[in-house]
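Please find the structures below.
Each of the next two complexes has chain A plus one other chain: chain B in the first, chain C in the second.
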Partner chain A sequence: MSKGLVTKEKWWKWLEDKKDRLFLSERAQKRYGSWFPPEVKVVKNGKEILLPSGEEMYRYFWAGEEWKVEEGEVNTAPLFFFSLPCEARAIIEITDKVFLHEPIDKNYRQRRKSLSLGILACLQPEPTCFCSLVGGGPFWKNEEALFLVPRKEDIYVEGEGELLSYSEEGGEKVKQEIQTLQKEVESGLPSPLPSYFSQELYQHFEDEEWDDISWHCMNCGACTFLCPTCYCFDLSIEGRLKGFQLRSWDSCMFPKFTLHASFHNPRPTGKERVRQRVMHKFSYFPEREGNFACVGCGVCVEKCPVNWDIREAIERMVEKIDRLRA
Partner chain B sequence: MTASELEVNNPYLPILLPIAEIIEETRDIKTFRLQGDSIFSYLPGQFAEVFVPGKGEAPFSITSSPTNEGILEFSIKKMGVVTTALHRLNPGEKIGVRGPYGNGFPLDKLKSHNLLFVGGGIGLAPLRSLINYVLSPQKREEFAEVFILYGARSPQDLVFKWELEKWEQREDLHLLVTVDRGDNSWQGRVGLVPQVLKEEVKVEAGEWQSIVCGPPIMIKFTIKALLEMGFSPSQIITTLEMKMKCGLGKCGRCNIGPFYVCQEGPVFSYDVLEKLPEEY
Partner chain C sequence: MFEKEIRRKAKELLEAKTVDLVIGYTSGSLPFQARPILVSSPEDVGKLVWNHFARSNLARYLLPYRDSSKKIALLAKGCDARAVAVLLQEEQFPRERIHIIGLPCPGVISRRKLEEKLGEIKEEDFSWEENSFLFQGEKWEVRPFLEDTCARCRYPNPPLYDELIGEEKEPWRDGSVDYLKELDNQSREERWQFFAAELSRCIRCYACRNACPLCYCKECFAESDSPRWVNGVPTLSDNLFFHLGRSMHLAGRCVECGACERACPEEIKIGLLPLKVEEIVRENFSFEAGLSLEEEAPLLTYKESDPGEFIK
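After this line comes the complex of A and B, so read on.
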């Protein structure tokens, strides 16, 4: 891995041949929009690129005598996605683990292999942000991605590849400046959840607290659609004599999500569904994959029509667990 | 691209297989026998996603036994869109299959034990795969005694009657068939499965493994009866149904606690199941 400073001119030069293959997250655009050309495609988060809703999984058609099926095509041209640390983490630590683990999801893998990630340091955490609570941070980085700190006249860059060849050695002074900046930004952010949280939370599955926690959520599903880590999907068949199997985003907030053909529903009310959403992110996923399935981006908190706040649910369960441990 | 990268298949793509035969089991259940395919090898207790072109896709237990090479069977109850479309098909038409999915029955754990099968209604379908596996000439001596208790709501609702007759004739198994309500021509047993189990199945629990499948309510009372008969939770194996879409542990809807039923199930031993949240 190398580090260095890339001047504005060189940055634009590097971007020159990538203009039509650039994606930028909506939240990164708000902060760093001026660093990108007008052609950049702005997306809500990585899901829109890697798991586009309404994706064709395969095609089928009546070939006169019999049915035929064939694979859909996936665009494999190299793409670049620039986002905030939490949004990159949603890909590397959550959706990659689901879709690249056996049985491998071929479409996701093809898209992912042609996607390079750029992480833009988060210099202004919002009041709804809590990345540090769930193992991330405003300067979170990963060896596979470029890490960038845009400054007044240049960009501090860590990583590998072509962009680094445009960079100049920043020296001790720049190193100090970046470290100071990181300290400043990180101060005042919450400290990580205790390591026992996911296991203990599971022990509280039957807790009456869930009635109260789930109470005013309307189960509209807005949070899950906007969440960068929520990956649950529906598969449906569209078309008669020719058509395709479609994959579209789905939500654990909807009653139909788990409704059996016999009308039995294991998660019949909002309580079970809210509990599922929290449990999956904070207990089941960590137990299986080793990290939370929430990156603390706060988007769900910001966008919920009734101000349902996942931080409050977590706080209440932490309090309860700690009270019982004491 | 390296060779191993080329080998990644699209796991959602079904293979199309022709229907060789359709057997009408009851008013609303049909068995579809497909001409098998060598690339589709499976274990008893696994399931597959079945695709009806232009209609949809749904999960079904594989009811044939892998020892019966070259065929693949599903018994399907008419419920909604996909199952109704399936019931309208004729032999010769092709449907899609992808899978097999799930863990299947724990064959190693069952080996050399006495096996008590308890089935209700169409719940016999997954059990039948294991029963015919155990009864096959290649495998029979790997297992000890076989006892099958099967029940349905009425005589008309009994599935695989043609096969029950064959099992009846065999010397190496006990078969009890019961119905909740008889009719004028029914000469057999009348009584609910859990009740018949307690009253008529006299076995020393210690040497047995039980395998249970049926409607949720029947499973619940059967497990209760088995526990009363001295079966320990680890001697009770059951197979569950959840709403499923992908079968791959990805679409996120079939979990009970941290377990995906499509991957780590649908077969569970009751000692595992009783510790899970009751969300199924």
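After this line comes the complex of A and C, so read on.
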């Protein structure tokens, strides 16, 4: 991995042949929009590229004597996606683990292979942000992605590849400046959840606290659809003798999500659904994959119509767990 | 704003066991928010608040209790009380199970409008007065900051209540600000452009439907598998189908509270559709939902003497 400074001029030069293949997250655009050309496609988050809200998995038709099946087409042209650290982390540490571990999702893999990530340092955490609580941070980086800190006249860059060949050595002074900046931004952010949290949380599955925690949630799909890590989908066959298999987003907040063919529903009310959302992100997923399935971006907190705040649910459970441990 | 009286009343009702539960608003984790809260113990009444940020229609929080025997007190703005009246008329609850604490509504304020005009805002910079507020010492009228849905409200005062806390208010509506009327004045083409743009942004999260006190079907047509009306992909055509379908299901039932629109995470002006349908019902049937328990809802009533040939 190398580090360096890229001047504005060179940055634009590097972007020159990528203009029609550039994606930028909405939240990154608000902060860094001026660093990107007008052609950049603004998306809510990485899901819009990797897990579109609707996708034809295959087409089929009845050819008189047998079924014919054609696989759906997936883009393979190289694309660039620039986002905030939390949003990149949602891809690298959550959706990648879901779709690239066995059984591998072919469509996701193809799209992912052609996607290069750029992480733009987060210099203004918002009141709804809590990335540091869940193992990330405003300067979170990963070796597969470019890490960028846009400054007044240049961009500090870490990573590999063509952009680095445009960079100049920044020297000790720049290193110092970046470190100071990071310290400044990170000061006062919450410290990570204790390592025992995911395991102990599950012990509170039956806790009556969930009634109160979940009470005012309306079980809509706003939080899960807008969350960069929520990846649940539904599969349906659209058509009879001719049609396609459709993959579309689904949400654990919806009553049909767990409805059995027998009409039994193991998650009959809002309480079970809210508990599932929290448990999946903070217990089941981390127990399996080693990190939370929430990157603390705060989007769900900001967008919830009734101000249901996942941080409060976590806080209440932390308190319970710590009280019992004491 | 009458918080003391509200808390005192809630406490009294719970202590006397007149009700088992009180549904009201409390302050949230973010500024300029009043979120729904359930209070079941007299000790917790101090959590109740009442201000300009009571965006939800609380009547929708009654719905999970339909099959219980709990007696519930509900803090109700004009539109919340109207929604309760429709629920009672539609026999979702017996009247004696719902205790309505009526609150003349000061209007819900749009945080976005505050930010647009005042820049960065903090709660401590505001002090609220009747119909106006002081922001960093400067006086502003509340009116221009109201949610679009509230600026056209006809009934800030609950038409139905067991008791009323606060003074009855004049409606804000004077015809000068009505976002529905603005749309009426456009050409069909312009309106189509407008709705196509708005509904292309819809992610079909159903927050609008779930916020609506009168969308209480056990299985919504949008989620029905047989017949299957729409699939899960938020395309313009399916979005349009869902929202038009929903508006029609609310014809003559919608109480024009605007809770659907205020719930939308994408800030889509989705209230316009049901509100327009209610305009049509008002014009054609001289009827407004939820104003009384006696008046028959025209679209839910069958009469052999109906003048419409097609229906007989």
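One rule holds in what follows: the second predicted complex is superposed on the first by the 323 of 326 C-alpha atoms of A that agree within 3 Å, B and C clash if a C-alpha of one lies under 4 Å from a C-alpha of the other, contacts with A are read in each partner's own complex, and residues count from 1 in each chain.
Keep this in mind: a contact is a pair of C-beta atoms (placed from the backbone, for glycine too) under 8 Å apart; a residue touches a chain by one contact, two chains touch by 3 or more.
Keep in mind the model is a prediction, meaning the values are calculated, not measured.
Q: Considering only the touch criterion stated at the top, classify A:Thr269 as touching first (chain B), second (chain C), both, or neither.
A: Touch partner of A:Thr269: chain C, not chain B.
Q: Report for A:Asp250: first if it touches chain B alone, second if chain C alone, otherwise both or neither.
A: Both: A:Asp250 reaches chain B and chain C.
Q: Contact-wise, after the overlay, does A:Ser236 reach chain B, chain C, both or neither (first, second, both, neither)?
A: both
Q: Examine A:Gln203 and indicate which partner it touches, taking first as chain B and second as chain C; both and neither are also allowed.
A: In the superposition, A:Gln203 touches no partner, neither chain B nor chain C.
Q: Examine A:Trp67 and indicate which partner it touches, taking first as chain B and second as chain C; both and neither are also allowed.
A: first
Q: May I ask you to decide whether A:Arg109 touches chain B, chain C, both, or neither, giving the answer as first, second, both or neither?
A: In the superposition, A:Arg109 touches chain B alone.
Q: Tell me which of chain B and chain C touches more residues of chain A.
A: B
Q: So, A:Arg311: does it touch chain B (first), chain C (second), both, or neither?
A: The answer is second: A:Arg311 touches chain C but not chain B.
Q: Both chain B and chain C touch chain A; at which residues?
A: Comparing the two interfaces on chain A, one with chain B and one with chain C, the shared residues are 234, 236, 250.
Q: Quick check: in the complex, which residue numbers of chain C touch chain A?
A: Residues in contact with chain A: 28-30, 33, 35-38, 55-56, 60-61, 64, 203-207, 209-211, 223, 231-235, 262-265.
Q: Using the touch definition up top, name the residues of chain A that touch chain B in the complex.
A: 57-58, 60, 62, 66-69, 71, 98-99, 103-107, 109, 202, 205-206, 231-237, 239-241, 243, 245, 247, 250, 252, 257-262, 264, 266-267, 272, 276, 279-280, 283-284, 287-288
Q: Quick one: in the complex, what on chain A touches chain C?
A: 53-54, 127-128, 212, 215-216, 218-222, 225-226, 234, 236, 238, 246, 248-251, 254-256, 269-270, 301-309, 311-312
Q: Please output the residues of chain B touching chain A within their complex, sorted ascending.
A: 8-14, 16, 51, 53-58, 79-80, 83, 94, 96, 216, 241-243, 245-246, 248-258, 277, 279-280
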